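Each structure below is given as structure tokens.
Each of the next two complexes has subunit A plus one more chain, namely subunit B in the first and subunit C in the second.
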Partner chain A sequence: MARLSPAGTTAGGVGTVRGSRGAVPVGRAAIGPAGGADAQARAANRTAWLLVAPAVAVLLAMTIFPAGYLLYASFRSFNLMNPDAGRFVGLQNYQNIASNADIRQSLLITLLFVVLAVGIEVVLGLGLAVILAKQSRENSIAATILILPMAVTPVVSALVWRELFNPNYGWVDYYLQKFGLIDVPIDWLGSSTTAWITLISLDVWQWTPFVALILMAGIQGVPREPKEAAAVDGAEGWRLFWDIVLPLLRPFLAIAVLLRVLEAFKTFGTIKVLTGGGPGISTEIVNLTIYRTALQDFSVGAAAALGISFLVFLSIAVPQLLKVLARNTDLVEG
Partner chain B sequence: MRGSPREPPHLSSERQTLARFVQILSLDTTKFDFYDDNLLRGEARRRGTGGPPSDDAIKGVPAMGYRDDRLVAILADGARRQLSRRGLLRTAAATAVAVPALAGMKGRRAAAAPARQDAAKPTSIKMLYATVEADVEAIKLMIPDFKAATGIDIELDSQPYDALQQRAFAELASESPFYDVMICDTPWTPALTGKLEPLSTYLTNPALNDIADLALEDFIPKVFYDTAVYNASAPNLQFPAQEAVDLAAIAAEGFDVFGLPLQSNALTLAYRKDLFENPAEMEAFKTQYGRDLAAPDTWDQFLEVAKFFTRPDQRLYGTTLMAGNGDWATDDFKTLLAAWGGNGYMIGDEFTIDFNGPEGIAALTYYADLINTHKVTPPGVTSFSWDTASSTFASGLTAMSMNYHSEVLNPGVEGEIAYALVPQQVTRGPHFGTWMLSVNKFGENKEWAYRTAAWFTSAASQIKMLQTQLHPSRASVYEAAKTDPGALAFGNFYEVLGQSLAVGVGRPRLTNYGAVDKEIWVAVNQAASGSKTPEEALAEAAEKVTALLKQEGYPVG
Partner chain C sequence: MSTATRRWLTSAATRTVLWLVIAFILVPLVWMVSTSLKPAGYAQTIPPTWIFKPTFEHYVGVFKGEAATPFGPLLLHSAIVAISATAIAVALGLLAAYALARIPFRGKKFLAMWILSTIMFPPVVAVIPVFILAGRWGLMDTYPALIIPYVAFNLPIIIWTLRSSIRQIPEEIEEAALMDGLSRMGIIVRMVVPLAAPGIATAAILSMLLCWNEFLFAVSLTRSQVKTAPVGINEFTGMFGTQWGAMTAAATVIVAPVLLMALMLRRHLIEGLTLGAVK
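Right after this comes the complex of A and B.
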């Protein structure tokens, strides 16, 4: 295996590679007598490079080059319809972003959306997971039904939501009025607070089951012995859950939160369909801004700079989040 | 489709790579429009259409041809220019072949150029079109007739609005010859003049006007100039005079024609005729307001009528508005701005910001008050698009509705619809914007593409298209609509549409109109939803629009 590795990167898995100075010395030792060994090692390396070449080519073409081009474009004033007028503008696009209050607000509300939506999903998902963790026929049926919202395309769910929250015909206002909770219909998408409630409720409906299923698997995997030992010591109910089950669930919580946070930052279709960023720009998350800039205004340079800025923002925010979440777990090293 | 042998041979340059990227994305984003109920609304409206027009109605179109002697001079000049261009292209091609080492990529482009001039009849013409907004059913209706007349198939590719814009821009930016004929919306054209084929030499060449009666003077002048006449080197300029279509004047001013108008949209006021003519309602209104109940002619009357019909307990409101985030909110606002005596274009010829003055504030205050003070609109109006406004009116929830098209009530709603011009205040200035069929500058069948555009926009074609709710661009078609059974199925809609176009106000010509438009609709939406006062919202929008104009390199006045 080591002989096939061009630079030790694939040899024997991560643990094996660590501390090695590369594949060639290992290869030499494995091949045996000196003399022809160098030539054989070189031939082996060539074979190795040939074998990984397609993967490297795909990586270069599909990831490295576009990322590099994105960076290049972000330093240019570049409109798709007038590319000949494109010119190097240095950090101008980034300065525009930094000085644009709307974009700063856009980044802030994106963060707020992610924190609120994922926070609610984790709390509700944990509650659901506790209820469904007991293995019974009813629970397995319920767990199956739980998967359904995840299977709905986000755009379709947003269209359904739009009708459900329609103040003139929607079920939500109808039943709120029927049960006497409100006197006049609420225009859900008409004010920024209610628009956010609508958007977050959709995200929570769609993705709480995802969190619940992960945590349910976690709860079912908690070993019986610590729970029994705690019970012998007198712990029960809430105390047992808080001190024994929850700490053991921490890796599962971290996985659920990580996956949801990454997905939530990518949210686009539901918000585009449901509010289009409105009212005003109160729900215009950064993905919508990038979309408008790149695909409606065709300002490729500005959109590239915004994309890069968002990437940097995520690169700083997500590892910090992971550090907090994954303390005492194996998810993050160090 | 992408693997067609007519794909552009040169996709390696920066702009083409990017454009392809946008094309790929546009395929993906199509889904957002696809699931939008715009399509369903379009279908629903079409279900209410009448039968085909009689042959007599088609025969009734006045035959129109060239009547202006000045055109003869242009014709000769056009022929000279074309010959000269051909000569140049041949030279370029010969050079490219003789010096292949120097020609490189450019040589390939130059060598390909003469083929584009080849007028050989193609077996098919590829047309990019809008699914709902420009009435694709009208095109579908005429395709068999076009085939019968020319023997050419139309390969029609229709897209919802957002996807259409992305496709059109990406195709043109990549200089792709894939589409021969493309539908263009007015807000796009300032950015596209360098990519669309100028048509003056085609319009004046009798050999290219052999399958349709061009009758340029039949186009409604305001529609023709606003939609198709641009100065390619300064696309922000409006053509100064718009009394009659005059190719000589267009050429003399340094302008050209970049397409032929087809779907003329203007805001009209639809109202429930059954309610307005109900004796009990008429009596009650007269008692309350001391005048007869009628379609409002002024915005003051509009408010009275809207108040009168607002009865939430009966699930009836005065009017819809298009106050949600989108171009439609800007169109509502600019209509009121013009009515209050402001510049309905919103941006002046010298790039002055004309929408946040006293007229703009008064207009937006009136608009926001309809929603927040007088509450004559149904709940949810601040997230209405043109489409939701239409479906709300169709469901019988309002007595009036302003929109770009005719309306059809839902089957469960018993009633009748009539139309009126949108009201006036100081003056009248309904928003209007027209689509046009343009020839792809990089296409391989440009002459036949032009013939196709001319045929589909001819009076005879447009009259037949009336049955599918086409909004005509020609005066003679509005005349024909008075007796055409297909048009009469929509009551007095065509009569009102024609009158609206005559007094309509178009959009400013900005290459970044999309971004400017967004800042204005955000202001309208903020004022409508009460999150900002009209003054604050417009002042903020003015500041942002000023920055956008400067970024685009316009000398802001």
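Right after this comes the complex of A and C.
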């Protein structure tokens, strides 16, 4: 980034200069033939921005613009049936959601879902990765099968889950009874605890392979030398894993956790189809609450205030996670 | 117990665990495919029927649509949306990825970080304005209303995947071409596209898979003209109550192409989904 030029400081954003360092190259430019380099840098700048512009435009249109629109809507009484009749209501929408116990519950439910699902997936995924890391024909077949759940359309996996856990004809209740684990069929989606078990088991089925395959790649990349050195010192089994392998696995754990957390916060289709947020609102994560409030109850103002609050929460929490990630991997470099 | 015995026992135990896990992973898929092939009357029995003469009657029913909306058009809509969104996203993503990989420019680091950070943006926040504006501009239940959001949501993954494939191309060839007076656009079309073809294919397949599976925007923005398969199957079961044969046949038809794509990608699936961080 040291391509600096005297013109850069005055070119109003076209040059490559960072203002504070402009003074240094002024002298240098006076000596060397930097005029050509400057023109070249400006041309490069223009080309680069032209190349990224279309992608950036679409991304802006689907992130910053909706966020701005929602921010605007969140200060108004905004009903979907009559969008133009909205009037300015100040912070009223925010006060309403802050005092709404259902919404506070939905935020807690969201956190609980993310922590439970990702937590279980990481523990199981790590165990699976350890087994899979040894290279063999058998493991390579297993790893291939492991890819499948991730690709299954979430709506379909939710529908399949609903029928597998069906209390009348479902395989789950039938085989649990047959093996004597339960006496009477369980109505899985009928009570909140069992609905949670059903829901989490679906997410675990679909996404544990993702974590496992990331960690498998990580374990396979652990160099032999430290393992052998530790083995010579008498470390074996769990100690070897805990002291040598796990620290080296940290970047992979960081990636897996970050991406799973981000995706878990976006979960919509599976829960919508499997439980619809129920029974009651016991599995209604915030995405479903926002969707219901806006597109089914038509209270866009309230949904917007909730959406903005969720966005603010994510933009505080996610950079913290990204920092952990940046410390551990090279994903986030210029 | 000798070391050899203990080692054999450990290995036997881990293999048992592994194959139990694999069985657990396959059960839902086995249920889906086997139920779709059971003759009417055998699909929903207690105890489950394991021995039966396979039939394609449910598949025929799903496409002929004797009772519900025929499924063919829904699959067509899904394919059109997935292919168009992917084509646009790969084209735009390639240009951006090239600039980020090769050209030093002002604001590059910030831009790269911003593009990466858009993966955290919750789609449910975007869907409300898109829904309102699509209604106002008469775009409800049209292809663009679905394609544009899908382009946006796939761009970060595509840009990141392509940026790392472009970086693997030796830069010297391009420098020589630049000296010879070829424009950046010329370089992208004539050199980067062929040399980064495997990366482009990976990004494209991954993007199609994600578009095909998308539900939130599809259920909010489509009614009948461009209704996609995941939206259709969700309503379909409601209409059929618990008609397992029809539902599982439709489910198998929806899932088959994405499973195929995942198997084509194999380990590149993880590479793509982790934005190239895990190879």
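The rule we apply is simple: the second predicted complex is superposed on the first by the 252 of 334 C-alpha atoms of A that agree within 3 Å, B and C clash if a C-alpha of one lies under 4 Å from a C-alpha of the other, contacts with A are read in each partner's own complex, and residues count from 1 in each chain.
Keep in mind that, in the parts below, contacts are C-beta pairs under 8 Å (C-beta built on N, C-alpha and C of every residue); 3 or more make two chains touch, one makes a residue touch a chain.
As the structure is a prediction and not an experimental result, all values here were calculated from the model.
> Can A:L295 be said to touch subunit B (first), subunit C (second), both, or neither?
After superposing on A, A:L295 lies in contact with both subunit B and subunit C.
> Touch check for A:A142: first (subunit B), second (subunit C), both, or neither?
After superposing on A, A:A142 lies in contact with subunit C but is clear of subunit B.
> Touching A:V155, do we find subunit B (first), subunit C (second), both, or neither?
both
> Of the partners subunit B and subunit C, which touch A:G36 in the superposed model: first, second, both, neither?
neither
> Let me test your reading of the model: by the given contact rule, A:N166 touches which partner, first (subunit B), second (subunit C), both or neither?
Touch status of A:N166: both partners.
> Which partner, subunit B or subunit C, is in contact with more residues of subunit A?
The partner with more contacted residues on subunit A is C.
> In the overlay, answer first, second, both or neither for which of subunit B and subunit C A:I281 touches.
First partner only, subunit B.
> Applying the document's definition of touch, where does A:V273 land relative to subunit B and subunit C: first, second, both, or neither?
After superposition on chain A, A:V273 lies in contact with both partners, subunit B and subunit C.
> Counting only touches as set out at the top, which of subunit B and subunit C does A:P247 meet: first, second, both, neither?
neither
> Could you tell me which stretches of subunit A are touched by subunit B in one complex and by subunit C in the other?
On subunit A, the overlap between the subunit B and subunit C contacts is residues 69, 73, 80, 83, 153, 155-156, 159, 166, 168-169, 269, 272-273, 291, 294-295, 300.
> Using the touch definition up top, name the residues of subunit C that touch subunit A in the complex.
Its residues touching subunit A are 14-15, 17-19, 21-22, 24-29, 31-32, 44-48, 92-93, 95-96, 98-100, 103-106, 108-109, 111-113, 115-132, 136, 148-149, 151-153, 155-156, 159, 184, 209, 212-213, 215-216, 219-220, 229-231, 233-234, 237, 242, 244, 247-248, 251, 254-255, 258-259, 261-263, 265-267, 269-270, 273-279.
> Under the touch definition given earlier, write down the residues of subunit B that touch subunit A in their complex.
Subunit B reaches subunit A through residues 14-15, 17-19, 22, 25-26, 29, 31-32, 35-37, 162, 165-166, 169-170, 172-173, 191-192, 194-195, 312, 315, 324-326, 378-383, 392, 395, 397, 511-512, 514-515, 518, 522, 525-526, 529, 531-532, 544, 551.
> Within their complex, state which residues of subunit A touch subunit C.
Touching subunit C from subunit A are residues 1, 3, 13-16, 41, 44-45, 47-49, 51-52, 54-56, 58-59, 61-63, 65-67, 69-70, 73, 80, 83, 127-128, 131-132, 138-139, 142, 144-157, 159-161, 163-164, 166, 168-169, 171, 174, 178, 205, 209-210, 213-214, 217-218, 252, 255, 259, 262, 265-266, 268-269, 272-273, 287, 290-291, 294-295, 300, 303-304, 307-308, 310-311, 314-315, 318-319, 322, 329-332, 334.
> Given the complex with subunit B, which residues does subunit A contribute to the contact?
Contact set of subunit A toward subunit B: 69, 73, 80-83, 86, 96, 102, 153, 155-156, 159, 166-169, 173, 184-192, 269, 272-273, 275-282, 291-292, 294-300.
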